[in-house]
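Next come two complexes, and both contain subunit A; in the first it sits with subunit B, in the second with subunit C.
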Partner chain A sequence: MDGVMDNPFERFGIAPIFDIDEPHLAETFRRLQRVVHPDRHAGGSEQERQRSVEQAAAVNEAFRTLRDPVRRARCLLALRGVDTQEGVRTFRDPVFLMDQMELRARLEEAREAPDPLGLLSEVKEVLQKRRVALIGEVSGFLRQDTPESLGQAAERVRRLGFFERIAEEANLLEERLTDCLPRGGMD
Partner chain B sequence: MALLQIVEPGQTTAPHQHRLAVGIDLGTTNSLVATVRSGVAETLPDATGSHLLPSVVRYFADQAPIVGQEARDHAGEDPLNTIASIKRLMGRGRCDVRRTGNHLPYAFAGCEEGMAILKTAAGEVSPVEVSAEVLKVLKERAESALGGELVGVVITVPAYFDDAQRQATKDAAYLAGLKVLRLLNEPTAAAVAYGLDRGSEGIHAIYDLGGGTFDISILHLHQGVFEVMSTGGDSALGGDDMDHAVAEWILAESGIAPSADQQRVRQVIEMARIAKERLTVDEAVPLRLDLPDGTVWTETLHRSTFDALIDPLIARTLHACQRALRDADVTASEVKNVVLVGGATRVPRVRKKVADLFGHEPISDLDPDRVVALGAAIQANILVGNKPDDEMLLLDVIPLSLGIETMGGLVEKVIPRNTTIPVARSQDFTTFKDGQSAMVIRVLQGERELVRDCRSLARFELRGIPPLVAGAARIRVTFQVDADGLLNVSAQELSTGIRSSVQVKPSYGLTEAEIERMLRDSMDHAREDVDARNLREQQVDADRVLDSLAHALVADAALLSQSERVVIDEAVAELASVRRGTDHRAIHAAREHLERVSQAFAARRMNRSIQQVLTGHRLTEFSEGQ
Partner chain C sequence: MSYSTKVIDHYENPRNVGSFDKADQDVGTGMVGAPACGDVMKLQIKVNAAGVIEDARFKTYGCGSAIASSSLLTEWVKGKTLQEATEIKNTQIAEELALPPVKIHCSVLAEDAIKAAIADYQAKKAVQ
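And now, the complex of A and B:
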């Protein structure tokens, strides 16, 4: 690993802020890959090709972090020394907990419902709404950049993590409902 | 026509010399080879003018195998020694074979575990060796058409091929004496051949139904970059299955099913294949079969019956399409173009169902049999450096999740499917016994939670873990998938920094020793000289390194100090000198030496290019007119 370049913002040569220029990010990604991708070093030595694979993998990883708002927020908080403590801290906010339980219950219902896909897409819509609202809050807190607001941002990221897990479950369920085939590497 | 440049053997190749490179479509039913000549990609025909080489190999007890049409013509009379559709067995184990076993009328040999091995008159052969025979014929065809040795090839594989299937394909190329520049996914190759990036930015879908494999890829195209968003498919579903569905219908309708032997089944499958092809144009085809009792069975197969027989197969492909769309997070209506690839997309029912799903007529202007080879040729031409200014870049994804076995037979995903490659992810492990010096990691590929539902790729044995108390060692295992979609595992103990050696036991692949043995066997058979082959390989590698370094030195000499330059120049002179001789070991050593002393230079060049991207970005936007 290239220690100097572990910061994805540095790797992309952009300021470590939440509200980034997304088209510029994608453009930089393509330009970087044009320089480091193994296909650009097909004629090089063994070492050069190995280096190119490592660099291209690092560019892909940084892009994956930067393009997704939740991963980007987590990364920014880590860079500012704030641990989001996901999976460690629990929530005491009863409204949030009720909301979680309700969404999960609706997913369970969808399994048995006459129109499971319709119910599923309703759940996904709610999840999307929650996500957009929380990301807006994260953006605001990160912009304030005070110890208190960063703590608030970390709390919102933890909530986003919960919604992401429900969204994953919803996707898995959708897959199971629409695929009649078992999936491995083969049939 | 450019003037011929005369180069002294062993000298660095002249800057603009055209390097010979081809693209190979190693298909289930047919294979092709293509190249770029005078800027145009074209498939190469054999002496009789035929472009398609049937992927059929017939083995004999006392002569070299024959490949292609002649082998296919005799499939009926010598079914056990005539191997067709071998692509379906690449990287597959015996249990996999049994699952699709009724379709493959061969004699299998060997143990329960490991790669499927076939028994033929020429002895036991692996699918890798059978594929190598097909590749050898294409290599000869290309070298005689182009008048020289190939510098490198791009071989296409189904996007949905897993690691074992990809490795098997690469091993076959090695056995055939080909230098693989890249394994390219078939749908991506098709997108390249169509030049979809030019003037057609946006999201495209490639639906590729070949003889034995199905792929769907959703791509985002932007200024020469082909970014695969998701891919899906079935590496055991294709036109062959349509033939088998029709053949089963014929066997049942004619009442000969119970008494049919291998030869009869082969004959009926061939009849089904011809009927399928005719039904792409005709509404009905007459069938006629001589029965064992001397009577004749006749029947008419209508297109509607045929459609009903293949609908379940098409439905499977449409499910895969929906899943790929979901993974890419796009809807069918956002897809700008749907491109049809593969011979089986000639079937009208397939075209109609695909059009229904995506809501518009699919594109199929290029010959669906040749388009993949053409795209591979274009990519090969760029990879050998014939088009240094080309902006094209292909960013593919891993088709199936990679995971490791954890307690209780569960799989923990390390790299999820549709992650852009190359990719590297790490996972930390610890020891559970004092002084434990080795551990085994089992790697699986697939989407299911249980180990037994996924494909086992390999067992990686880590050795040389420093002796520490239980739980104290922290071993970071890095899983790296390269641009070919091939997995590489490395391991390091974090507290001591000691690297563990990683020994791989592929579940369905060949070990390095087995490949070397096969190589020697095939050379004994062809009376080819191992030394001669080694020498040629070393010469080609030396030329490649000299050539690329010469370009780099012209472009970036400023990045080297005078003393560094002297060391590199000496190493270049040394390699150029031994390159003229016949000692392949000396060439190998001189090349490795040159690579070592120029390593820092290469790294500096890459870092400088990265810095240019990051700092010069805003400025170059204007100068490049974007």
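And now, the complex of A and C:
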């Protein structure tokens, strides 16, 4: 990440920590949105309008980063000079990867199962538990704020990348299953 | 982005899908993943007494390019010595499958997988 990165914490006027006050975040978002909304600057000069569109986009982008724990962690790590290297580093923990394979296999099984939605919701529950646990670890490591712990936080963010992907797959499958079910056919 | 005919062929008719017994002393297992796209790849080799790869299996959860890269690699490593298999480069896989730049990382993953499988096999032999 380069030095001119927009710092979303600064934009929202909140402390750069992982465990943020979510209701306060949402409230700040609504307030900032009102301030920069292009409609408020409709009467202004071309330059003012252009600037308000840019500001509104920046506020949205900052909110997207701050509200999502994985993006927020990635951002905090970047602010501390730690690159999560998700795009360049091959992940090799065999125990974690085997678990991922099993979860993916269970999703595939759900496709063919007699009760696909039941199996799917079981898998989603497991995914959610693992994700919450990882986010808890990220929070702890970021709070310790040592070079060692930040490295661990980055490692957990890389793990969370796999969960983001598998959650997408699960949601796709769920959409497909609920679309295909005959109406009133399930009780 | 469109897939090359070779990628589609491997995707639709993947070679050597499946697995060997991980605990088998003649089997090396490589597990790798790419956090950015969530792809997970398992590549296994069965090595004979002469140090030649007799057979290979793979299981990949990922995009067409990741599946094709690992499928192709299982074909390539069969009959090769461990040393020869180590020398396979991701660029050869990418070239054979005509992978676009955004999919090069899939071939990197496959190269890392075979290297991990060989390392696993050699680690098993070292403790024997």
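Here, the second predicted complex is superposed on the first by the 173 of 187 C-alpha atoms of A that agree within 3 Å, B and C clash if a C-alpha of one lies under 4 Å from a C-alpha of the other, contacts with A are read in each partner's own complex, and residues count from 1 in each chain.
Quick note on the criterion: a residue touches a chain if its C-beta (ideal position, glycine included) is under 8 Å from a C-beta of that chain, and two chains touch if they have at least 3 such contacts.
Please read all numbers here as calculations on a predicted model, not as lab measurements.
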Touched partner set for A:R30, first subunit B, second subunit C, both or neither: first
Which superposed partner A:D21 touches (first subunit B, second subunit C, both, neither): neither
Between subunit B and subunit C, more extensive residue contact with subunit A: B
Touched partner set for A:G87, first subunit B, second subunit C, both or neither: second
Touched partner set for A:E48, first subunit B, second subunit C, both or neither: first
First, second, both or neither for A:M98, with subunit B first and subunit C second: second
Touched partner set for A:A57, first subunit B, second subunit C, both or neither: first
Footprint overlap on subunit A, comparing subunit B with subunit C: none
Subunit A-facing residues of subunit B, complex: 92, 96, 99, 152, 162, 181-182, 222-223, 225, 234-237, 316, 319, 322-323, 326, 379, 382-385, 391, 393-395, 400, 419-424, 445-448, 453-455, 480, 482-483, 544-545, 547-548, 594-596, 598-599, 602-603, 606, 609-610, 612-615, 617
Complex interface listing, subunit A residues touching subunit B: 12-13, 26-28, 30-40, 42-48, 51-58, 60-61, 63-64, 171, 174-175, 178-187
Residues of subunit A touching subunit C in the complex: 84, 86-87, 89-92, 94, 96-98, 100-101, 104, 157-159, 161-162, 164-166, 168
Complex contact set, residues of subunit C against subunit A: 29, 31-40, 42, 59, 61, 105, 108-109, 112, 116
